[in-house]
Structures are given as C-alpha cells and as structure tokens.
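Two complexes come next, and they have one chain in common, subunit A, joined by subunit B in the first and subunit C in the second.
On to the complex of A and B.
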C-alpha cells in the first residue's frame, strides 16, 4: 500500500502567453473506494498565486492551513504580498523541515509575477514531497495520474498559448489523463490567470 | 544453514508499440531501443514484424520471449500456407495467437502483442492481446513501457474522447492516413521525451487494402523516398510499406 496513492488525485499546471493555468480532479478516495467527488486540492494563496496539493488528504488540509499561516506572517512582516518565486521557496523549506518524516504531498503552484514594465510574467513550479523544486517553463504535473498527464501534455502543449487555448489544452490534458487513472477523476476544476 | 536458490527466467526490455486501424489501412509502429535496467543493449532491435502481406505483428515485453513467439507464429503460418495454398486471414491469425499464448498459461510468454492488418472484408483492423491470450479487436492500442503516456493521448486524438463536435457536425468515424501518421510520430516523440526506455529509432508499418487508392500515400512517399521501403510480395493484393525514422538517442 503506497501512501501517495491512498486517497488518489492529480494536479497539472501550464504556462501560456502572459497567462498560467492550474487544474485538478475532485476525487477523494479510500484506496479503490470513492468517498467524495468534491474534494478541493487547489487553493488560492494570493490574488496572483494558486497552489495544488495532490497526495495524502490529511496532509492536504494540514499544509493548506500551514501555508495560510506562513503567508499571512510574511505579508505582515514584509508589508507586501508574497511573490510566486518566494512562495515556491517557502513551500520548499516547509516541506524540507519534515525531511525525515515528510508530508505525503507533491505541491504544484502557478502564479503571475508583475514586472517593472507593468506586464505579468507567468510562473509555474512543482516540488517533490521533501521540497525539491522544479521550475519548468512549459508544464508541471503531479499525483496518481502523473505519467498519463506527462504523455498527454507532451503531445498537446505548445509555446505561446493564448488564455482560451491554454484553457482548452489544460482541460483536455487533465480530462483524458484522469479517465485512464482509477484513482483520479470524479469531476475537475480549472483555474486560468 | 538453510539455503535458498532462485531462478528468474524473465526480464523487461522496455520499448513501446502502437497500432491504429483506418477504414482501409492499418498502421503498426514500434521504437527500436532495447534496454535492460538503465543499460541500452542495442539501438536497433525490431519489435514489429511482417507476418503475411496483410498482417503485421508488434511484440513488446521480454525480448527473448517476443522473438521466439514471432518465430513460432511465422512457422505456424507457413504450415497453413502448405496445407491450404493461401495466407491465413487476419482474424484467424488473431485466434491462433490466442491459442498459442494460452497454451503457455502456466509459463507464459512475457509479451504484449498487437496485431494489425487488413481483414478479409478489406477493413483495417487492430487486435491487442495480453500475455496469456485474452484479446479484442479495436481501432487503436498502445502497449509497453510508455503505454500510460500514449494511450490517453490516443483516446483524445483517435476516439475524440472529451471532445464535443461543433453543432450540426459529428466526429469522423475514421481518420485519414496523413493524420494517423502524424499522431503516431507525435506519440513516439512525446514518449521519447519523457520515458528513458523509449527512443533511438521508429519503425512504422503501413498495410493497405488491395482496393485502396494510394494517391495520398504516394504524396507522402515522394517527400520521404529514402525513409520508406516497400515490403509487398504478392502482386495485385494488399501492399505493405515500412517507414523508418530516427528518434532522440539520449
């Protein structure tokens, strides 16, 4: 019995032209048994950052609250909103704190960074369960359907997608991947920024 | 002191195979990398074999079993030719493969088979098998190391899963040959990008029904003369071609 597959669930994030998208399924399971078809795995962190937490459901809840606390503390101390890059490193250090008794979560994040010129730069990142970051410039995947997500995303994604096309690409990627994964599915949610 | 001895007669040799059936043609493809663990044994080990002028078999899994199995299938097809003075029809080959696999139910050939070709009624067909002979006729199938990467992509692009046709239109029942070839090549380049056991070379077998107009294929062939080889033996029957391409070697 693998702890990473105990509750099931998958998340994917993609970069577009001046936009980002993050999507997940909505299943909560107990191994093969479906429990809920409305289990949230993606959480808004700021107005410009979304965080996906696929993995062990109990740790989804714990980490969601812990990140809320730490981002609030950051906002108060710094008197400004956290940037996506800084948030990625906050995720990383939070997970590495538990290096030898980890949270069973592989976070995926998507956000927009405001450049001095005023335009927004898309940002995505993923991490393993102990905080090793992956700053991909195309797409990142995680969860029980990750190998399927990799296959479909590699086939469908292309550089410079406009928001409407990015929405279609990430939706088709997620839907077709989770349809071949028994532990993922039961509804989906897509966020485009 | 108690001692334990064990003999493990199986290994996994990586690689991926794929087949798609069209209305009056069939495409069967496989990469040519053969590996064991993290080592590449060879960059050119064919996994796709011409059985007759209208049947092609792709074999993936344990390479030694795969080669032996293909050898025995070819032997049975030769005996059939001597006895009946004709090639065995595709659906009969499919049933033969089931019987041969199930005959070794308790010491199986550790291979996944995909059989592609032209049926007696002139339609393109794909049959896929599990290692002990359970089989099914389908429009498309991927198997092997990158099955989990390729199959959901095929669901989307071949079966149009999760796609809604524009109002007043329907999805095409069969895809054109250029579309099918593009999907096959995209599937393998994607799998090569993300899977370490896939790469080096790609062999695509294309089988045409005898009635088929080869105009669209001749256009592709003219642009890829050095890549395409004709394997047809009998005249005015089904025709077989093989297209060989490079895949990334890292």
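On to the complex of A and C.
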C-alpha cells in the first residue's frame, strides 16, 4: 500500500497548436472503496494557468489553498498576473520546502504564455512530489493511471493539434487509460485553453 | 467499530450515528451521543479513536461558537467544514495527530441548500450527497447508490436511512445497536426517533 495510491486519481496535460489542454478523473476513494465521484483535482490559478494535483487528497486541498495564497501575494507584490514559467518554479519551491516530509502530490500544470508579438505560446510542466520539474514539449501525465496514460498518450498524440482535435485526443487518452485503472475513473473533466 | 451515516434531501440533511461505546470486545455504554450540534444549522457526527473524538469535537464546538461571538453571524457550513478540515490536516503532521473521522452536515441559510461534508482523520474532505464512516460504510454506500434520492422528502429520507441501519444490523458481525438521528433543515436542528 503506497500513500500515493491511497485516494486514487490521475491527471494529464497536452500541448496543441496555440492551445493546451489539461484533464483529470473525478474519483476520490479510500483504497478500493469509492467515496466521491465529484472530487475536483484541477484548479484555475490565473486566467491562463490551470493546475492539476493528483495524489493524497488531504494534500490536494492543502496545496490548492497554499497556492491560492501564494499566487495572490505574488499578484499584489508584482502588480501583474504570474506567468506559467514563474508559477512552475513557485510550485517547485513550495514542494521542495517540504523535502524531508513531503506533500504526497505530483502536480501537473498547463498554461499559455503571452509573447511580445501578442500571440500565445502553450506551456505544460509536471513535477514529482519534492519539486523536480519536467518541462515537456508534448504531454505530461501523473497519478495512479500514469503508466497507462503514458502508453495511450504516446499512441494518440501528434504535433500541431487544433483545439477541437486536442480535446478529442486528451479525452480519449484519459478515458481509455482510466478504464484500465481501478483507482481512477468515476467521471472526468477536461479544460482546453 | 462505530458507524455513522448521513444523507441530504430536498432542503434537509439527516445524520445518524450509533450510540455504543466499546472497549475491546466489551460494550461499555449504550446511550452515547456522537453527534454534536455546532450551531443553529450545523451538525457534526464524529467517530474514531476513543478520547480523541470527544476532545476534538469539543475543541471544534467551542471554536465555532467563538467565531459566531466574534463576527455576530455563525460560520456557514462550507466555511465551518473548511476550518475543521484544516485543523485535522495540520494535526496530521503534528507530534500528536487526532484520529477522528467526521460527517459535517448543515443547512446553508445564504443559498437555502443542505450541505454535507465527508472528512477523515487525514484531513480529506469531500462534498457528497450521502456519506458514511466505519464498517457500516461498506454496506450503506452501495445501498445509498441504489436508493438515495436528492429530491426525497424528510419522511422518505428517514426511510432510506432506516434501510441502511437495518442492513448493517443484519449483516455486520458486531451489531452496532441503537442509533441517534438528527435532522437539520431551514428551521434548524432537531432530533428524531427512527
């Protein structure tokens, strides 16, 4: 019994052409017993950033509240919204603060960065439970179905997907991976930016 | 070994908890009230490690009361549940954590909706239409999947709860005995006999 698999749940994020998508299941369980089929693990951080927090459910809520606090403080001090790259490092340092008694969460981020030309550049990143960042160019996965998500995403994802096709790709990836994982499922949610 | 259940319906929430206090294989008491009334429209059923339960429940009770005295208005159910969750989550990573599982039920006077929160000793919180803790949850949850109706009247809700208690009494090796049942709706909190 691993503490990372105690409550179950999975998150996946993907890059498209000028767009990003992030999706998760909605299950909250106590090992094999399902408790809730409406447990959100993806949270909006700014208008251009979403954060997914799969892992131990108590830490999902605690970290959600902690990031809300820290992003609010950043916004007030800097008098501007936080950029996805800066937010990824905020996530990393927040987790590394607890290096020897970690939060049992593997965060997944998706966002859009505004370029000087005015167009938006897609951004995704994932981290382990102590804040080691992974800036991927294609897709990132985390949670109890991560091994299955890797396989399906590897098969379905392709570069340059338009928003509609990206939605279909990420939805099918999540749904098919989650169907092979007893600890994930019970509904799903997809966000496309 | 204690079991507690809660359901929401049309404009109300019902909470039920068994009334036995046991130590090892011996039943020590039959009439313990394990549902605290935290305010005019807020209930909390607690179970878990004996000692921790009452200690934590009284700590919550006094702090919810303090919030009401300070702010004139009582904490609405979502705020109260968030505060309680945070206390458990912080306690989990302290030197002496509380092992207490809770069902927090209330009627939100600002949205005119019943609210139910499932909270465990880790500080895991879920908003749910029905919930259970303890061995009873293994029987009651699947039964409620079949029979729970969010539009049911109080009478129908109590009948559904009766089914849960009957099922647990029938199938669980150790019968929980008597249950205390409390209802919260727009008129406040009241105790009912099943």
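Quick note on the criterion: the second predicted complex is superposed on the first by the 193 of 193 C-alpha atoms of A that agree within 3 Å, B and C clash if a C-alpha of one lies under 4 Å from a C-alpha of the other, contacts with A are read in each partner's own complex, and residues count from 1 in each chain.
One rule holds in what follows: a contact is a pair of C-beta atoms (placed from the backbone, for glycine too) under 8 Å apart; a residue touches a chain by one contact, two chains touch by 3 or more.
Everything numeric in this text was worked out from a predicted model, so none of it was measured.
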Partner chain in contact with A:58 - subunit B first, subunit C second, else both or neither: second
First, second, both or neither for A:93, with subunit B first and subunit C second: neither
Subunit B versus subunit C as contact partner of A:30, first or second or both or neither: second
Partner chain(s) touched by A:101 [first = subunit B, second = subunit C, both, neither]: second
Partner chain in contact with A:155 - subunit B first, subunit C second, else both or neither: first
Complex contact set, residues of subunit B against subunit A: 146, 148-153, 155-157, 161-163, 186-187, 190-191, 193-194
Subunit C - residues contacting subunit A, complex: 85-86, 88-89, 92-93, 118, 120, 122-128, 131, 137-138, 141
Complex contacts: residues of subunit A adjacent to subunit C: 7, 28, 30, 33-36, 38-39, 56-58, 61-62, 65, 101
Subunit A to subunit B touching residues, read off their complex: 147-148, 150-152, 154-156, 171-172, 175-177, 179-180
